[in-house]
Amino acid sequence: MSSGNNKKKVRVITGNEACAEGAIAAGLRFFAGYPITPSSEIAEILSYELPKIGGKFIQMEDEISSMGAVIGASLAGAKSMTATSGPGFSLKQENIGYASMAEVPCVIVNVMRGGPSTGLPTLASQADVMQARWGTHGDHPIIALIPNSVRETFDYTVRAFNLSEKYRVPVILLLDEIIAHVNEKVVLPEENTIETWERVRPDSLTDDYLPYQYTESDVPPMISFGEGYRFHVTGLVHDETGFPTNKQSEINKFLNRLNRKIDRYADDIIQVDEDYEKDAQIGVFAYGSTSRSAKRAVIWAREKGVKVNFVRPGVLWPFPQKQARRLAESTSKILVPEMNLGQIAHEVEWAARGQSEIVKLNRIDGEPINPMEILDAIMEIA
Amino acid sequence: MSSGNNKKKVRVITGNEACAEGAIAAGLRFFAGYPITPSSEIAEILSYELPKIGGKFIQMEDEISSMGAVIGASLAGAKSMTATSGPGFSLKQENIGYASMAEVPCVIVNVMRGGPSTGLPTLASQADVMQARWGTHGDHPIIALIPNSVRETFDYTVRAFNLSEKYRVPVILLLDEIIAHVNEKVVLPEENTIETWERVRPDSLTDDYLPYQYTESDVPPMISFGEGYRFHVTGLVHDETGFPTNKQSEINKFLNRLNRKIDRYADDIIQVDEDYEKDAQIGVFAYGSTSRSAKRAVIWAREKGVKVNFVRPGVLWPFPQKQARRLAESTSKILVPEMNLGQIAHEVEWAARGQSEIVKLNRIDGEPINPMEILDAIMEIA
Amino acid sequence: MEKTKVLPTITIKEVWCKGCGICVEFCPHSVLGMEAGHAVVVNIDACTACGLCEIRCPDFAIMVEKNS
Amino acid sequence: MEKTKVLPTITIKEVWCKGCGICVEFCPHSVLGMEAGHAVVVNIDACTACGLCEIRCPDFAIMVEKNS
Amino acid sequence: MSFRYEIRLSGEGGQGLVLAGKILAEAAAIYDDLNATQSQSYGPEARGGASRSEVIISDDEIDYPKAINIDLLLAFTQEACTKYHEDLKDDGILLIDSDYVTNVPDGKFKVYKLPIIEAARSEIGKIIVANIVALGIIASLVSVISVDAVEKAILSRVPKGTENLNKKAFKLGLEMGKKLTV
Amino acid sequence: MSFRYEIRLSGEGGQGLVLAGKILAEAAAIYDDLNATQSQSYGPEARGGASRSEVIISDDEIDYPKAINIDLLLAFTQEACTKYHEDLKDDGILLIDSDYVTNVPDGKFKVYKLPIIEAARSEIGKIIVANIVALGIIASLVSVISVDAVEKAILSRVPKGTENLNKKAFKLGLEMGKKLTV
Amino acid sequence: MFDYEKYIRKNKFPLIWCPGCGDGIVLKAMLRAIDRIGLDKDEICMVSGIGCSSRLTGYVDFNTLHTTHGRALAFATGVKMAKPQMHVIVVTGDGDATAIGGNHYIHAARRNIDITVVLFNNNIYGMTGGQVSPTTPRNFKASTAPMGNPENSFNISGLAEAAGASFVARGTVYDAIRLDRLIEKAILKKGFSVVEVMTPCPTAFGRRNRLGDGPAMMKLLKEDAVTVSRAAKMDEKELENKIITGVLVDIERPEYTANYQKLIEQMKGIEQ
Amino acid sequence: MFDYEKYIRKNKFPLIWCPGCGDGIVLKAMLRAIDRIGLDKDEICMVSGIGCSSRLTGYVDFNTLHTTHGRALAFATGVKMAKPQMHVIVVTGDGDATAIGGNHYIHAARRNIDITVVLFNNNIYGMTGGQVSPTTPRNFKASTAPMGNPENSFNISGLAEAAGASFVARGTVYDAIRLDRLIEKAILKKGFSVVEVMTPCPTAFGRRNRLGDGPAMMKLLKEDAVTVSRAAKMDEKELENKIITGVLVDIERPEYTANYQKLIEQMKGIEQ
């Protein structure tokens, strides 16, 4: 059983362990989940670690109630998280939409496995990336992060909480079976060096606290149940008092702010590694565990004298369209390797506006895409 | 209570009535659902009409079980349907993925209302169109139809069943609160003039019936439980016998066929109205109830001497990219009015590959977009 | 010398009253009646201030005050 | 003249047997034993063909046939 | 040149305005062979019922089923009148129940005041037929649909056994309407 | 020029091969200051446990954590040996338990046959330490990680109280391994 | 005269409920119970699902959470775990709690988590216009059971008991005075407590089944109700279609948040 | 010697289950019961959810449907409605049926739809590696309850009874002979019937709780089992931690598909 202690030293841990420890480092105090391969270890670790620090763990009766409990706990002031995989992620969608609508900070970990349906429960995939954006009904704001190593999983988990609290939005952390289960060498940062953000509170708490106040930032200041301000939270469209409204002006005002909230801070949120070479004609756009194979392939290609620009987003939603566009403008062909049938390639193609030809390299049999495959694809289009 | 009889005559009925009657005309024999505004009338009508013809109606305990029951009934040989709205559509996603994976014909009606979450339960929206494509986890095939009138709702419902049976795929019928509840004048076709398709059966039934046989058509012949061929159905990745497999070769073979099945027949499935004018510089791309306002606006614009090309898809998924591309190549600006924040505009922009500038006209307050708004937008970019 | 009975005060909030008739129906002493879709007091003398109308009014529209 | 008892036939499917030991444990007459991770017959003479081993084998790996 | 005629019937749930709207639409569509749509607005989820019912009548296709430029507005309650009169045309008609709508919004439109509900009570003895009385008045005021068509539509919609009652209510409305226009 | 060394430990669930792999990774990563990853493959959902465990050791970043070009393959069972030997390098090492792997796949690789499990039983008296014995053999065969590091890693992983037992098993493995290489 | 104003959000009135709907009577009983116990408004979190009854949370001056259909107990579990000192009260309908929400209902009961459920049972889906509910009696009509309900109905109090609730009671809006006593007891109980309240829905249930308006339906409640003690003396046949009112279950079982607190204490020892 | 081969998909063997797993013993009992009744293989539809036990459907030569986790009864309801003449048997685990699937379990029981559920209760989530289940006894260890389960557990047979099942029985894999009789009775019952089977999971439950291997855990089942008749003579304390086996409920209630058939007959009259 992994424990949060002495992070100084070198350790060999899995992505699921790093996620659990990152969550605690970020201030996690409530976890509700329902077991599912390949995410279960996150719950297992937290069932032991949380009570040790006075936090709460509960295994709910299903994924729907897990998501519900997470929202309830967050509204009561506890940083909250749940973890699941494809089938459970589908079930959580309705309540994820509620969190988006009611602007409740929370983190949803989806350890991607082979789909659709029960699919390939023990094999890796990246095929839930579009669902992470569009899984629930209605236009809604969402943030999705996707690390590519055990070490990053720790940092991204912390960041998931920070973004969630800062923007009052559910944040989805996309892992895959490989990162979740691989043991890697890591040196985790010391507790005191980890920056954690708390939800923005109103500067002056007057009796007429407005839970959905329109402020310059578009992010309403937030306090918790039980702090003496008895406000109302609903999944219906509401005005700044938090109560339902059917007034067109109010509806527009609210829904526009709700979605604008993320759009306007896209540059803050988006994180992308861009590695450009002078007059490269080939671009590679890769994310998650696939981006590691891609990075190696790019190194090899360059060794072979092929100039390649490499772009690797750590955030998929909001989509890094500027960076994708820049890559398209700087190259004539972009290779997008991914463990699905081209979900993100489609977004890159959208962002490219025809400036560069998108070449897909897809794998859907549960095996990670290895560097050689990517190198071959690069050489083919070079 | 509407009844299916003497379709000859002129009637004034709602979209929900037309949907229920279309389903029965298409051969519906099992409906399982859970009430939700604005779809409930479909269930209410069928609770009365189905037993009259020996069919079965059941109100299940929730949307998840409704979708499960629909799949079970379809496997047992009954043409099956469910109807819901946003929140319920989100809950059905896991089992919709199962139907996709196990290739079980069925129709899911989603009467779109304002979202996200509980949102605006009695107001119209078009904001579930991306969810219809990406709501469930993993790469999966899906078809989505979207009529724009009560009369079309009848035909499209019939077609939804036909496509579902022909391609062994769940078909999503997207209505919105306006079409669902508006009373319109219709003359429905006579029973005997309605073409209905049945699932393809194996030409010779040998003892070794393969429920997921690889055939030239990519659509495995299908028989029902209880016909004497005791086959296995699972949501795990399976080989042509229907049993789970972890063999890479089998996985690839299956998942590629599963998704190819729809891609390769896209031209068969896609239905688009294209109304071009010589040297038009402006294009309008609209669907569902919005496309009616758009059509009127186009007429007015033309009366004002503005040349406009008008494209109106009746099928959203698979996305009519050729038609969108053609529109982009023939114009310099495309207006995409929709009752969401630009979900389909994004797809048009993708298909346009930078050939034409996409202009969004969005409305999310539950009010339909009226012809004047669209005309103004056209004149602005003209 | 004879005491005159002090009558209770019954307040009916017209704007909240939906005229459902529950208070009228269950008043043990027929103190209440209906008028233009709202409850009204028709026989205050009979009122015992038992409060049953108040407790059963779904809309917080009727209040009974004992006076003395 | 004395009858010689006809012994039952016990078939053990090695490929299906997982060596769980259930049959061995619950055989009332210690007819069965374990060898190299599989059940084996060690004392057929004691077998009464009661069939308990067969009925409790989770893996369809042991079959008992009464002969006569 | 094709026409589009917009009617909005407004009041409280339970006053039968949705049915009245549906009847007008059927009158135009089925018996006068025009195009017609009818729609209504709801409260939260389904309950509460409709507070307004709109009918569009045209000899052309009806692309937009909601009223935007109203030719005739019926208001059974003050609240409805205040809330829904904005979209009424300058040359439109405002038909109000004089007992329930006391302060009349000002505008260029024609205003007709009649004690519709009271008439239903006193003359027919059933206020639930006030909606049918209103249909009579509207039929006599509106030229785009024929009186005959409205009557047919009413009779095909109302419950068996109530035909005469409703016929009476309709006739009453016609009379009341005629008086206005002379 | 950087190196990448791939080890695959294969056999049945319950033979402690996942732990063994993790120990090798920790030996390299923590005590020899190299990079290392360990991963395994699962059966349906989580149950059935790992049938193979892979360790990649390198002095460079490890981008791809799965074995593709194996330097050393340990096979405790025939099935595992047959199923997993393909990716073994020509100049690689195949280490098999001679009691359980009888038909040896042919290839250019070196083959070492040892009764590992039996040795654990007879010499240590506990077959559960067969995985540790194997680690001893591997430590003596493989130059990229130090014997010392593997021993440290073992001791930090095994349950308190079993240190000596495991030390003995490890030593035994070292001996068996040395014999091979001389 | 009880001062309800102390607890309501007056500016949200009048209530959205139909004339004669019983929900407002239950609301008032809840407020009287809370007042009698003397709970601090800030310490109360009232959680509801979706339905007419679930709209209640919008009218009371507590920490209020209007969730998704059927999930009130899931959200409430999160609130209670994060702030165990809070009094968490769930307001839910028969459909919300026992149709789509049935699983959360039995699991909350199993855990015996210290939450009080006030379950508004009007035997129908009111909000969506009168579809059949798990508590619609057999052969009664609903918009999705036009010829009469072909399904058997739940005894939702019995279900709570079997699942592990430590307090279960049933009341009616006719007997509004006893109702607030039952709710008071339920709130005071440490553990999962349920008060099932029979309340009329004239609009979506009464009309279609010819049961009359609000007052008429309340008369029916008066006639059908029998107290637990009286019921004990009646036989199966006599009890048919009767509503047994009063405290049905009141037992001691380990409560979940308390168990969890113990776990935390126990683990304080373990090194971080 | 019973000929199982007639009913199994031999080419799928050996079974995926662990050595000592009880699931195979239940499978055999089911086949014996089906054989004794003499059901036609084509008329049987066996439906399962997700879990080790739910893998059973892959091994039997019937119409088999391996659904999503917890939803077997929902799918089965569709099959049964579409083809009422079919014998629909649901194979499910304690987690599948009573955790995520709990709502479908109680509603199928409420409808009393003619489906037989064989519920494999091993007190744990086997497939996913030993997480706590609604039937894991208090204080027993699981991978998500490392210090012992802080939750109360379900009596899942009692739950089925309260929800409306017309037949409920409990058996163990130790008493495999009586087990097939119980399953036989359940299948023959017209209505919703449940057989809860206590079966050992040495891998995910036994090991962590030091209960030993398959045989050892079967011994425990032998010791803890008491028949209904014997239990009747024992008091609360004596019955603690005992497993009451035999037929627990066997009553007559209206069955759903029959009710629905009546409805269809009744409506034949109405003009189309």
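What to note about this one:
Chains here go by letter, A, B, C, D, E, F, G and H, matching the order in which they are written, and residues are numbered from 1 within each.
In this section, contacts are C-beta pairs under 8 Å (C-beta built on N, C-alpha and C of every residue); 3 or more make two chains touch, one makes a residue touch a chain.
Here the structure is a predicted model, which means the values were calculated and not measured.
When the partners of chain B are compared with those of chain C, the chains appearing in both lists are G.
By C-beta pair count, the most extensively touching chains are A-B. Centre-to-centre separation between chain F and chain G, using Cα means, comes to 61 Å.
Centroids of chain B and chain E (each the mean of its C-alpha atoms) stand 36 Å apart. If you average the Cα atoms of chain D and of chain H, the two centres end up 29 Å apart. Not a single residue in chain C touches at least two other chains.
Shown for chain A are the residues that touch two or more other chains, namely 37, 40, 51, 61-62, 64, 87, 94, 98, 117-118, 121, 234-236, 244, 367.
Annotation for chain F: residues touching 2 or more other chains are 43-46. Those residues of chain A lying in contact with chain F across their complex are 9-12, 37-38, 40, 121-122, 178, 181-185, 292-293, 295-296, 367-368, 370-372. The part of chain H that touches chain G in the complex is made up of residues 99-100, 102-103, 106-107, 110-112, 134, 138, 147, 150-155, 158-159, 161-164, 253-254, 256, 259-260, 262-263, 266-267. Within the complex, the chain H residues that touch chain A are 50, 68-70, 99-100, 102, 125, 128-129, 131-132, 134, 143-147.
Those residues of chain B whose C-beta lies close enough to touch chain G in the complex are 1, 34-37, 40, 43-44, 47-48, 51, 57, 59, 61-63, 87, 117-118.
On chain H, the positions that touch chain B within their shared complex are 12, 41-43, 45, 47, 57-58, 61-68, 71, 73-83, 85-86, 103-104, 107, 260, 263-264, 267-268, 270-272.
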